[in-house]
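Have a look at the structure below before the remarks.
Going in written order, the chains are labelled A, B, C, D and E, and every chain counts its residues from 1.
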Amino acid sequence: MALTDLITAFLLLGSLGFFLAGTLGLLRFPDLYCRLHALTKADNLGLGLVVLALMIQSDSWQVVIRLLLIWLLVLVAGATVAHLIARKAQQDGHQPWRR
Amino acid sequence: MELALIFDLILLITLIALAWLLLASSDIFRAVVLFIAFGLLLALAWVRLGAPDVALAEAAIGAGITGALLLVGLGRLGSAEHYRGTRTRLTFLQRLSAPVLIGVMIPSISLILLLELSLHASATPGQQGLVNVLLDVSGTNHGVTAVLMNFRAWDTLLEKGVLLLALISIWSLDQARPLFRQNDISPQLTGLARLLLPIMIIVAGFVLWQGDHAPGGAFQSGAILSAGILLAILVGYTLPTRRQGLSLRLLLAVGFSVFLLVAAATLLSSDYLLKYPDSLAGSLILLLELVATASIAALLAAAVVGGHPPDDLSKPVDRSSAVNGGQT
Amino acid sequence: MTELIVQQQWFLWMTLLPLGAAVAAFLAPRQAHWIGLVTALLLPLCALAAIAAATLSETQTITAGNWPTPLGIALRSDGLALVMLAVTALVGFIISCYALGYFPVRGHHQSRARYFWPLWLFLWGGCNALFISGDLFNLYVTLELVTLASVALIALEGGKAALAAALRYLFISLLGSLAYLLGVGILYGTYATVDIILLGDMLAATRLNHAAMSLMIAGLVLKSALFPLHFWLPQAHTMAPAPVSAVLSALVVKCAYVILLRLWFEVFPALDTIAIGHLLGLLGSIAIIWGSLMALRQERLKLLIAYSTVAQIGYLFLVFPLAHTETMASAWIGGVLLMMAHACGKAAMFMVAGTIHHTAGSDRISRLAGAGGPIGVLVVVFTLAAGTIIGLPPSGGFFAKWLFINAALVSGQWWYLPIILSGTLLAAAYIARVLGWAFLDVKRSSYPVIPWMMKWPPLVLSIIALLFGLIAYEPVQLALSGAPVSSPVLVEFGP
Amino acid sequence: MSPALLYTGSGIILFSIGLHALLVHRHLLRKILAANIMGSGVFMVFIAMGVHGDSGVADPVPQAMVLTGIVVSLCFTAVAIVLAVRLNKLTGCTTLAVDEESSID
Amino acid sequence: MTELYLGLALILLLTIAIGLVRILRGPTATDRMLAAQLFGTTAVAILLLLGQAAGNSAIWDVALIFALLTAVAAVTFVRRKDIDSTTETEEHDGTD
């Protein structure tokens, strides 16, 4: 197995950790704001690592750009939507969870 | 290979469970969100089935337009099940429902078994071969586009008619009402729109161009553009009043009209409906796809807005109920 | 001159023309009614030209784009297609004239006029495209075009009952066409073609094909409102504006039925259809009796006419059990004739009902008391049109029933005889009930003036409907050209 | 069990689930969702039955048909939603009125 | 390598299936929308992996469209809430 494959596998496993954490957080965290927090991690890093892993495998710069574009889009859209949802929740009167 | 099969299995179980849960859900909003998730997974199914064109279309409408349509509709409709008076008499059909369920499920399962038997028996090659043979003279290099825009162009023409007809129906039903209140559009949202809109236009162009030799094409491209228009509307853009008349109608109808004109011209010149001259086939398909994209984008966005623009024909209306209010 | 006529594919122009006019009417709403009227004038001429061209030329099937058939979409100008195109052109022309009076261009309801024309022209184009289509998937698209236009036209009335009826109709049709489409999908998956002629040659009597056939027939039966799946029809057809009711009863219901005819006689002859045929015949018989009885009970004229449609649809489904080898042609041509006669008669009746509603303010049958005097012409129209529904000679309805009875006797299915006869008696009863009210000797004053356009077009149509039997020879000959049936037509009682 | 068969069967199950829900449920939006799911089931049958052999390449013709079908069903969804909203505005109901008598007048 | 991609896609699909519980449970509409949003991202990842496994770049276009458009539904949701929570006359808010 080539070194690139090894790195890819490593990165993919890493991304898996983030996605699992995101889902776990979505399920187990007590309120909206905490879940939002969990979700953004999965967005940014989980997908980021997948993109990185595939970039290593790619053989042309067009593929790299395409992957980067997808990642950036998810990043920007995810961040903005998370912000909007949090603000909406606040306006609707959701109180942050306290222990 | 086994892994792929397990993937398919889990995907299908999830899809079926989703369908059941969303239809049995007591809360309509939940049903709508589950439906959006359903569309997401359905796109995965199309990918697994080797139908990326359909997956593109499903992604473009499922993620954008359908979600918006349903959410806007739900907002205007409300989710409680209001009955008139206290009567909750079951209709004929509803009383039939339990036997129907059984009566449908059992034949379906037997149908599946039948399918198994017959799929082994008859392995038709499909029309793949025929399409590939004729691809050279079709004016495009992608099978699905060739079928849509040339071999079965008559279907596509009528489908464009259905789209325009749907819009006319919607306009005949209601006047456009604002999708939301005009207050406080957050700067982040505007920023997002400013960033996404150009990308959407570029991607739509890319998908349209790609349809010539790879999955993509007018409908997918138009659906992406319409999501862009919708985003613009959501951050407060409105069509200027002077453009809401004939110009808007022309934009909506241009896709279908040009298709009809091409059909009429081919019928006049060659006696065959939609038989493109060999030398012109490529350019004609490009023209048809371009105008279709423009129309589809406008039609889908207008369908979400859900009503005709205020006009001089009917009684005067206050300006606040213009397509999306007055602000630009 | 003849060259010109033969060379043009007129039946194709008959689909392009209304669709183009629909777009024009949408773009120029102020001129919409003129565009509609001109189109309505041109289409009967096109129909005549199409028939002339068909009698002069041999080819009845071409494909769009001239691609070979498993790939291209077959478009056909066979007898059934031409006859339906012609009837639609005639009925459509009369309905368009009527609509010109019904939807005033100026005044309170002008926005309805604005949207009526593009929707109606779309519907017309969709019907024409459906009649000429020889491709199962293309039939689906055209059927949906027709359905969507019908839904919008029903809702045009604007009241809550109309909206509810439109929405119910939408769901029902969606259900029907998806069942149909599933059957098409299974057929394509097995045979890799959706062309009617190719499928007819290839289909074998496998269980999977039977499943596909059942799905498709069930879907279409739902769309053509056969008992007990007729429950949506009375609401949808009565709540719509009068010209729309006429269109729905006369043409739209026939669309699904035409597809059924094509499927039954051209796609599925190789399959074992006897049991399904008898089932459809049984349901048809119940529909005849049930529909007529319900019509007899109605207090409102439009509902009465709608239930009468339910009964007449029942007759149409007698074709399937009656069409055996030697009675094939009789039953088939009887069905086609009945479709034509019913289209003319029912359209005229709905238009009259609309006019009465318009002038009397209500279509309650009791409000008709004494109407024979002041709006006598309407009552005359109604009576003439009713003649074909009852099946009085020389109407088309009479000949259709005559053929059915012949086919029933020859094929030894005598039990359809009392059904047809009692259906006729019941029809006579519910018509007589209306006329009885109309000719009551009650002084009626003050009916508003009826617009010219709402009075005379239905009269023309009802006269044609009644005299249809006298000129039936030509249409029958035309319909039989390229028909999927080849036995002689039995016009006398055989052994 | 080939994947194509698996998908075909699932398509039929989706169709049945949608059919059942369309008949049973009363809220209009739920009926609309049910019709959409029925449609998805039909389209899945179309595509899955077009996959022949193990080539994994789907037949382009049913793909094109499904694209057409998707557009048509989207149109119906849009019109149905507007109709439902309009009906809701007039009656305040989000269901079809069951009452026969009142809907005639 | 293909097995790895498919295996990871499989596990990601499972996380979606499990995450459905959040849509089902809510409790608020916003929670549900949020879960759908996460699914969008996960679906993009799955599509990227499937595309890599199949060597078909068209699949990445599907991912690109998802990445581009999932925001639209969410924005519609956020903006729509405006009308729901402010007009009582003709809208019935029944989302919770």
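The rule is short, and it goes like this: contacts are C-beta pairs under 8 Å (C-beta built on N, C-alpha and C of every residue); 3 or more make two chains touch, one makes a residue touch a chain.
Small disclaimer: the values here were computed from a predicted structure and weren't measured.
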Subject >> Greatest separation from chain C - chain, by CA centre >> reply: A
Original post:
What pair of chains is linked by the most C-beta contacts?
Top reply: B-D
Original post:
At what distance in angstrom does the C-alpha mean of chain E lie from that of chain D?
Top reply: 21
Subject >> Separation of chain B from chain D, taking each centre as the mean of its C-alpha atoms, in whole Å >> reply: 13
Original post:
Taking each chain's centre as the mean of its CA atoms, how far is chain B from chain C in angstrom?
Top reply: 31
Original post:
Between chain A and chain C, what is the gap in Å from one C-alpha centre to the other?
Top reply: 58
**OP:** Return the residues of chain E touching two or more other chains; collapse runs of consecutive numbers into ranges.
**Re:** 33, 35, 57, 64, 68, 70-71, 75, 78, 90, 92
Original post:
Where in chain D do residues touch two or more other chains at once?
Top reply: 8, 12, 15, 19, 28, 48-50, 59, 61-62, 65, 68, 72, 75-76, 79, 83-84, 86, 91, 94, 97
**OP:** Can you tell me which residues of chain A touch two or more of the remaining chains?
**Re:** 69, 73, 77, 80, 84
Original post:
Which residues of chain E touch chain A in the complex?
Top reply: 1, 4-5, 8, 11-12, 15, 18-19, 21-22, 28, 30-31, 33-35, 37-38, 41-42, 44-45, 48-49, 52, 57, 60, 63-64, 67-68, 70-71, 74-75, 78, 81, 85
**OP:** Please name which positions on chain D make contact with chain B in the complex.
**Re:** 1-10, 12-21, 23-30, 32-34, 36-37, 40, 43-44, 47-53, 56-68, 70-72, 74-79, 81-86, 88, 91-95, 97-99, 102
Original post:
Taking the complex as given, what residues does chain A use to touch chain E?
Top reply: 5, 8-9, 12, 15-16, 19-20, 22-23, 26-27, 32, 35-36, 39, 42-43, 46-47, 50-51, 54, 57, 63, 66-67, 69-71, 73-74, 77-78, 80-82, 84-85, 88-89, 92, 94
Original post:
For the complex, which residues does chain B have touching chain E?
Top reply: 3-4, 6-7, 10-11, 13-14, 17-18, 21, 25, 27-30, 33-34, 36-37, 40-41, 43-44, 47-48, 52, 55-56, 59-60, 63-64, 67-68, 71-72, 75-80, 82, 178-181, 183, 189, 192, 196, 199-200, 203, 207, 210, 214-216, 220, 224, 227, 230-231, 234
**OP:** Report the residues of chain B in contact with chain D in the complex, numbered from low to high.
**Re:** 4-5, 8-9, 12, 15-16, 19-20, 22-24, 28, 31-32, 35, 38, 42, 45-46, 48-51, 53-54, 57-58, 61, 65-66, 69-70, 72-74, 76-85, 87-91, 93-94, 96-97, 100-101, 104-105, 108, 111-112, 115-116, 119, 123-128, 131, 143-144, 146-148, 151-152, 155-156, 159, 162-163, 165-166, 169-170, 173-174, 219, 300, 303-304, 306-307
